[in-house]
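Consider the two complexes below, in which chain A is the common component and chain B and chain C are the respective partners.
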Partner chain A sequence: MLKSKIKMLQLAVTLLACAFLFVPIVLSVMAGLTVNYFQGISSGLTLKWVFQVWDLYAGSIFLSMWLAVACLFCTLIIGLPAAYGLARHPGWMSRLLEEFISLPLAIPGLALALALLQLYGSMKGFRASWTFILVGHVLYTLPFMVRSILAVLASMDLKTLEEGAASLGASPWQRFRDIVVPNAMPGILAGALTVVTLSIGEFNLTWMLHTPYLKTLPVGLADSYASMRLEIASAYTLVFFILIVPLLMAMQWASARAQRITQ
Partner chain B sequence: MTNRTFVMACLTPLFIFSLLFLALPLGRLFLASGEGDAGWAVYLDIVRKPRYLNTLVLTVLVSLATTIAALVVSTTAGMFLVRNRFWGRGTVLSVLTLPLAFPGVVIGFLIILLGGRQGLVNQLTPGHVVFAYSAIGLFLGYLYFSIPRVLLTVMAAAEKLDPALEEAARTMGASPYRVVMDVIIPGLMPSLVASGAIAFATAMGAFGTAFTLATNIDVIPMVIYTEFTLSANIAMASALSIVLGIITWILLLIARSLSGSTVAGGG
Partner chain C sequence: MTLRLTHTAKTYPDGTEALLPTDLSVGKGEIVSLLGPSGCGKTTLLRIIAGLETPDAGSDIWFDDDNVTALPVERRQVGMVFQSYALFPNMSVRANIGYGLKMQRLPKSEIDARVTEVLEMCQLQPFAARAITALSGGQRQRVALARAIAPRPRLLLLDEPLSALDASLREILRDELAVLLREFDITAIFVTHDQDEAMAIADRVAVMSHGRIVQSGTPEDLYRNPTSSFVAGFVGNAMPLRGKADGTKLHLNGGTLTLPMDGVGQTVFVRAEDVQIIKNGPLRGKVETVTFLGTHYRIGISGIASDTIASIHSGQVAPKVGDTINVSIKPETLMLLPDEADVA
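Our next item is the complex of A and B:
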């Protein structure tokens, strides 16, 4: 009897938490699709606001997608060889380097943006171009890519595999391409999805680094929350959800898969 | 090319990137904090001037409240989800982890939809109930993004708890309360401390949520932002950034040493 009471209490807390997280999402979707939110659903459903968002903010949506792809490219180019290097060369130097590049996970994005602005803000060409935002995104997502690949590489016997290939005459580059990359694939996939998801949603750094001509999706969202009517802000949020939720689910699936491999 | 040079070559791009865009900018930030009128005493000003001290205290209090609430809610829900299999469990779990990748601004907006002027609570209740722009709104916003983070860490630890220990405690006559206090909580302790540190650090540094909600109250990230953009007090903005960065970094270091790895998806 007592036990079932406790169970009911646990269930209530769980459902309450679900409601707290989910009800506002439902409200936002509804507000983005109703003619007049203040009058309620009875005023009718419409896609008018979504089309208006497209007219107003399509540029910011495409900029975010482009940044996410560019960011993925950069984190792969830098992160994949680095994860291999860290896995092959364990020791305090590697630990230190890994710890150092993980700083952007711990330091708030605002502080990092301030640091970047003070060092590179006077370089006008760089400051005003999209590559400046890209640097911020790479800085923030790189540790996720490196750690994701490193976790998979660290769980297998890389040394033995490579020695086998080397005794058959494979060069370091061949071994990297034919042994390391295929084996690291689950980690690369999980890292890649994490990088894209985080890059599309990044706000804290981007808000400081962006210029009026370069607005990303989350920057546009903040803009619409401050200056647009509630329906447009909600419709824009809805567009964001449609973009981010499938990515998030794919990311969680890939991360769970990679984690199973490392255990 | 020998093995060693190949491995070193692999690390070079990372080394150059983090030197140019992490080490040097952070060094510049630190130097800039001492270049104001007050010199290095700017760090003393944080605790000397009421405006900064009050903000710091408020930020710590809201973050602390968030941490405690998130721990209570997520541990209860997490234990329930680990120990029970039921229809719809997957859906519940998806809903509870959905906000992991939401930016702070979006979470701020969701809180406005709950407690703003046109919010749900204001529409359902008689009278004028608007809490989104106060410390309560901020607390709820922080709680919103903390629940999923804490939940994932606690659930990972709860799955490793041995149910036989609770069974044994119960057969020896322990009350449910004693089982929770003497068996479950101690078993979960490392992950509770770790996820608490994560929640606290994220709340301290949260900018997006504060940006949409904190129109009436000041928290540290908002002060950094206004000092930098409105007052052009670059030294104070830098000093506060450094202090905030050190606090969150130490907390996450503690979290990582206790739980092995932190949950992906910060910010």
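Our next item is the complex of A and C:
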């Protein structure tokens, strides 16, 4: 009897916590689908607001996707060789470098953005182009890529594997291509999904760096809440969910997979 | 291929002399084992030959008439079997074995044919399509060997290839490896810390200690005529009989032993199989341990010399622990070697 009471209590707490988290989301989504939020569901359901969001903010959606892809490209080009270098030369220097790369995680995005603005703000062409936001995103997401790849590389005997390939006649580039990259793949995949998800959702930095012509998805969301009717802003949230939730799930799956390999 | 090393040495940046200047020649088709305790420099020497470690200036490595000292590992055409096998987990057994051939840019049909040939030689056909992770330790060892041999290297190098296996499997694979290496008809160098392995596989054994080759010869030669206490002790576990030498007499705690020659300034060694338990033997001791090993007993006897002396006893009944027994050692089985301050 006592046991079932405890069970009931546990269930109640869990359900309450879930409700606490889910109700606002459901309300928000519903707001985006009702004809008139102030009249409630009785006013009817519509996709009108969603289409309106598309008309108003399609540019933001495409910019965010483009930024995420470009950011992924940059973090791969920088992060893969960096992780490889750190894995091949373990020591206090590498530890220090790794911490250094991770610094942007500890510094508020706002401060990072201010530093970028101070340094490059006067370069008009650069300041006004999407590449300015890209720099911020790369700074912020690079540590995730490096750490994710490094964790997988550190879990195997990379040095001996490469020596094995070398003894079979593989040049340093062939070793990197045939041995390092394929074996680092789970880490690369997990890192890539993290980078894309973070880049699409990034607000702090982007808010500071954006121009009126360059609004990313989250910046557009803030804009819609500030200047549009609530239904449109809520429909925007729905669009955001649809884009980010599958990415988030894929990221969880890839990270779990990479973790299995490192164990 | 013949291998010739002259004055080859390795000093690490911190000053550690892993390998003192060493000369070594290995004849065509010869299988040489580098035998020694860990830290003796045997793996360093192997890695220098492979090109995985840069030797000190003044070292020279010759493959036949080519000086390969400056060549990186990928251009030396050596086959290497690593202690951990270093098989590529991202490739199947077949792709692992074919990797070296792919690096030589051979046509695909020829790669296939040669991989199949090696698979057959190493009896790996049933596992060709498997992932490396789906193989047992013994199978991995064979894949590593097959992968090293497939590109037809000039020289095969094996770094403790059996040490990752459990004892029962090790013995089977040891004999299998000895047969395969001869079938390949390749010059091979084999690093091990296990004297049985070295004896079973190699034509010639080079015993190493503290960065030097201390003695090199056939297994029989090393066993019967060691030139130093270290070799006597390391190869075949010879036991020192420490006592007071007086001409051809050696006075031990447990009696007096006749030596084949003057024993002053020499350390006398004996092997367990030459210590015979006989009723009227000249030495007396007490039985400390009795271990039954199937074909024979191994009996530890104290009181004869300062250390416990082991005896291989092949009778049906063994003495009991605590018994006092008499022991005889034939003078011709004793090995007299110069005293060494440093007996590792």
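The working rule: the second predicted complex is superposed on the first by the 255 of 263 C-alpha atoms of A that agree within 3 Å, B and C clash if a C-alpha of one lies under 4 Å from a C-alpha of the other, contacts with A are read in each partner's own complex, and residues count from 1 in each chain.
Here is the rule we use: a contact is a pair of C-beta atoms (placed from the backbone, for glycine too) under 8 Å apart; a residue touches a chain by one contact, two chains touch by 3 or more.
Nothing here was measured: the structure is a model prediction, and the numbers come from that model.
After superposition onto chain A, the modelled positions of chain B and chain C are compatible, with room for both.
When the two complexes are overlaid on their common chain A, residue A:230 makes contact with chain B while staying clear of chain C. Ranked by how many residues of chain A each touches, chain B and chain C are led by B.
In the overlay built on the shared chain, the residue A:164 is in contact with chain C alone; chain B does not reach it. In the superposed model, A:142 makes contact with chain B only, not with chain C.
In the superposed model, A:29 makes contact with neither chain B nor chain C. By the touch criterion stated above, A:85 is placed in contact with chain B alone, chain C being left untouched. Once both complexes are placed on a shared chain A, the shortest Cα to Cα gap between chain B and chain C comes to 8 Å.
Where the contact sets of chain A with chain B and with chain C meet, they give residues 171. Contact residues on chain C toward chain A in their complex (touch as defined above): 50, 52, 72-75, 77-80, 82, 84, 86-90, 99-100, 103-104, 147-148, 151, 157.
Of all residues in chain A, those touching chain B in their complex are 2-3, 6-7, 9-11, 13-18, 20-25, 27-28, 31, 37-38, 77-79, 81-82, 84-86, 88-89, 97, 100-101, 103-112, 114-116, 118-120, 135, 138-140, 142, 144, 146-148, 151, 171-173, 176, 194, 197-198, 201-204, 207-208, 218, 221-222, 225, 230, 233-234, 237, 240, 244-245, 247-249, 251-252, 255.
Of all the residues in chain B, the ones that touch chain A in their complex are 1-3, 6-11, 13-15, 17-18, 21-26, 28-29, 32, 73-74, 76-77, 79-81, 84, 92, 94-106, 108-114, 118, 120, 140, 143-144, 147-148, 176, 201, 204-208, 211-212, 221, 224-225, 228, 234, 237-238, 241-242, 244-245, 248-249, 251-253, 261-262, 264-267.
Those residues of chain A lying in contact with chain C across their complex are 156-157, 160-161, 163-171, 174, 178-179, 182-183, 185.
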